[in-house]
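Let me begin by handing over the structure; questions about it come next.
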């Protein structure tokens, strides 16, 4: 099936699937921008636009039963890990068909069936959790791996270091993927963060790799290498993926954030659109025609539109559900 | 006054003062061993025997108005920073003449007058606090420095990394002194701690230095270098001082700990007694006669004995003091 | 107590009132500094614009390392600064709980009173409308149990400014909680600097049939219900403690002595809430004053859900307050 | 409920009873693992000897990184382990508070019930005699406010074993608090495995004049005072909730219905304590049952001081309980 080897061992199907996933994320997030402006989305929304190559490259190197933990900026990770946009949209609308029956919302969408064992509203909060799933998998003799996604800002939370240390000492199959988008909210990361984040791995005895986070293939291969090591029991890896978020820290930041990012910087990164870059490479390699690309795009756009309809048609959960789900029912009869 | 330059710029007075301080710590801790066995000491007691060179070397490089924060194993730091053994002993006895009027006990003895701004019962707890005093001193335009003492076990607490990061980014005059005595309670540190602790500084852009913690002069000079940088505004330093505790993790551990440290290892370190080593060097350099040495020792022994008497004669605080000191009186009249 | 009759009728937002308090204290004492994540820009708004006037050393952005910067204030305060920390969201206290509850709160006491620790930890807190479980916590019940932290929770712009001034002037660690939803409420605030003593509650509405003690964002709710019930001839007194530690129990007991009936409305989860504390204290100390069972109105014992109808069900509503009041009168 | 009449009179220490429960569960289910700092050696004793029988992968020492290993259990439980964590000392929960209160406690609820999290966090806790402020905390009041954590606090060796078994078999995060001073108390414990359901309290002593609800280490104190008062003809019922979340309010209310008088003794700081919660609940739901003001006996609102006479003054004493009981009878 493979026409060229421009992408090493990557199959054409894989490659096109990756492009499709990136487009899906983009169209989903773009839709949210519009919905937010129209006041349709309750709560906080942090969008992933511009960083699609990280999640898609990374998750394309995983099996379905491999795990991820994610962040406040998690939509991209969820879609890349196989989440359906309609159920995600329903969750964002607080409806009963949402992944969490409306209980979670943007920062807490999870699907344990898809081995997404947590997004998180607490910066750094998911790092120990993913380290823990890696521990359990290893302890139970499975060969699953866990990817822990987190931001550059989270790299200053103590649990990041603690987790690297324990993952190293216990040889855990966890891959720490730091998404360095240059900003911690509205402050340039360089003002808050000493040195290079990738270098924080070495003293822990962990390999660290810095990757162009806008190159989905580079991401894929870096994570594949880490996954291979992890599955073989060779322990954790830190990957620092450099990218940029096109949108604000959260939707609605215009109200207070001011012009904190130089126009030229923003333009430069938009020039480096990870979707366009990869699509063009696929076209050049003759794995994809422009017509096919356009078809994928309109297909994904249609799915996102359908997701909104799905969400709008889904009912709110019954108010009494507020009292459900706190505890698992007791098996114990004593 | 200096007879030889075997100790570089160290003056004879300084050197003999350092020996005296190490002996004071040793005799104080030995006395506590006995008092603990006799059931005279309430609560937990963690002794510093064997590690005297670290505290004394480090604190001898400080001015009185330079700060320290300390740990659960803090007696050595306190004495090295100038604390009086009688008031310390009174505190350990829970008496009103103790530094904290009996409120603190072994893990919480402090003297703000001596710029000891905290010992700590929480492993790693003092690291942010000392980083904070360094911040304030720098902000207020003072040239004071702060030494933060902590153990190898504490090097796995998140606040250690967080504090190094912020100290680096803000250029704070703080010196992180990690006392690596090879054990985290009863577990060899190597089983719990990835890599070398000293290497954890580099990715934060902080100089790291590994020092023989049984060599008081090496400690002194390493800290002097760090202090000089810090006073000039060149930021923090991490110093890893390798040493060994002669006593158990806490007094009374025999009840449960078993033989967790090889006899040979213990014997080897006792051979490397930091007090004997330094005393012998002073004798060799003709800065000290054996008689003078013995006199210092018996003097210090006498002071420790007197401290016990002082403590025993000091009354318990009035029970109602339990309700005092929670809040500073309000100045506010509104 | 500070004059409550505001002469100039200048209405400003609660969040602006906080900022005026902060600004006044930054101006009054150069040892006052404000730190926190993005305090330069300020997502909630209390510190917005301050960096322009006081510079980036006195209004300073921190990395996302709450445990450390909460703890740094202890050392800094011990040697002469008066740090004010913006924690941004109430639940972020959890990340820093040891430095707050075990260090800041205890150091003065453990040292036998050797040192004063003038620190203010302020934050927007509580539910703000579908912020979901991890951004809707109200930590005051936990922190009230700590001992060593003063806790204020102003309900009006006037109180917000006056209590910010007092909190910063106080020589102890003070936790200042701004219920999220109050940030955009307007009310009269004098331009000059004034302070409201910590530990002095306020009767926000006089009444004679039932005492409703309401905390933070529960105060406007209680007032709304009280006004509605007035029409039915039920006279409700609304008492706002303003400070939870120290708590003005005298004021509460005096009010209950007049009304004989008590409802406590707390914008927090029910179990071990401030409502529980106040009901327990009144039952213990003022049992004979009570003509009916005291009532608590607080959140259901669940995390705060995202979806609007679920959130509404889990939190307190006007009708919960209404029913509780009627229950004491039944 | 499990049989309370112990046939074989085998007396063992509370800490041994905990260990028997742990050992039984490690044997029963190979997904059960125990982690914590030095669990191999075990300073308090609950895990002592287990590593020899179950090996260092199932009884595993951790670095001093509480926030991380408390959080790791969330991920581990989500994918099939049943982790049991020894936190060693109650106040170390503060370091891990976010992972406990914001993650472990909330993930099931936030996910709409998608996942079960069978985790036990146990610890020795509370004052142990001059352990000073940072090693004497009792965190149950804080944790009761969290929602999503079950909390048990056994007072006898019998309960310690049975509740350990139930806690580990339960599919939810359970906090298991062993009041320090109870570790060395002996009592009858059957050799076989038995369980005590979570949420079911126990009448430790029947009486008819006053209900004393006592928690953890307060139970033996309350019993001692009750026995003393018997001589004076005062008949005291001692109710031990055993589990604080869920709380057996029915049992408490039934007892108060019989006695008409309530004292709650909590081995914790007073403000927002479990004592406050129980007194508030009874006042609210059982006001008409009460013949006198309910009373709380708890610690003074200060950190726990080191010096023995100060510590004694700050904590609860038999005479505090005695006076509170008499107060309800006055």
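Each chain gets a letter, A, B, C and D, in the order it is written, and its residues are counted from 1.
In the analysis below, a residue touches a chain if its C-beta (ideal position, glycine included) is under 8 Å from a C-beta of that chain, and two chains touch if they have at least 3 such contacts.
Everything quoted here is computed from the prediction, not taken from an experiment.
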Pair joined by more contacting C-beta pairs (B-D or B-C): B-C
Taking each chain's centre as the mean of its C-alpha atoms, which one ends up farthest from the centre of subunit D? A
CA centroid of subunit A to CA centroid of subunit C, Å: 37
Could you work out how far the Cα centre of subunit B sits from that of subunit C, in whole Å? 40
With chain centres defined as C-alpha means, what is the inter-centre distance between subunit C and subunit D in Å? 31
Would you please write down the residue numbers of subunit C that are in contact with two or more other chains? 62-63, 65, 67-68, 91, 94-95, 98, 102, 109-110, 132-134, 147-148, 301-303, 305-306
Residue ranges of subunit B touching at least 2 other chains are 98, 100-104, 108, 120, 122, 125, 156-159, 162, 165-166, 169, 191-193, 326
Can you list the residues on subunit C that touch subunit A in the complex? 37-38, 40-43, 45, 48, 61-65, 67-68, 91-92, 94-95, 129-135, 300-303, 305-314
Per the touch rule above, subunit B residues touching subunit C in the complex are 67, 69, 98-104, 108, 110-113, 117-118, 120, 122, 125, 127-137, 139-140, 144, 146, 158-159, 162-163, 165-166, 169, 324-334
What does subunit C use to touch subunit D in their complex? 91, 94-95, 97-98, 101-102, 105-106, 109-110, 132-134, 137, 141-142, 144-148, 245, 268-269, 271-277, 279-281, 283-285, 287-288, 290, 292-296, 301-303, 305-306
Please output the residues of subunit A touching subunit B within their complex, sorted ascending. 156-162, 164-166, 168-169, 191-196, 199-200, 202-206
Applying the document's contact rule, which stretches of subunit C touch subunit B when the two form their complex? 1-2, 31, 33, 57, 62-63, 65, 67-81, 83, 98-99, 102-103, 107-117, 147-148, 150, 166, 169-172, 194-198
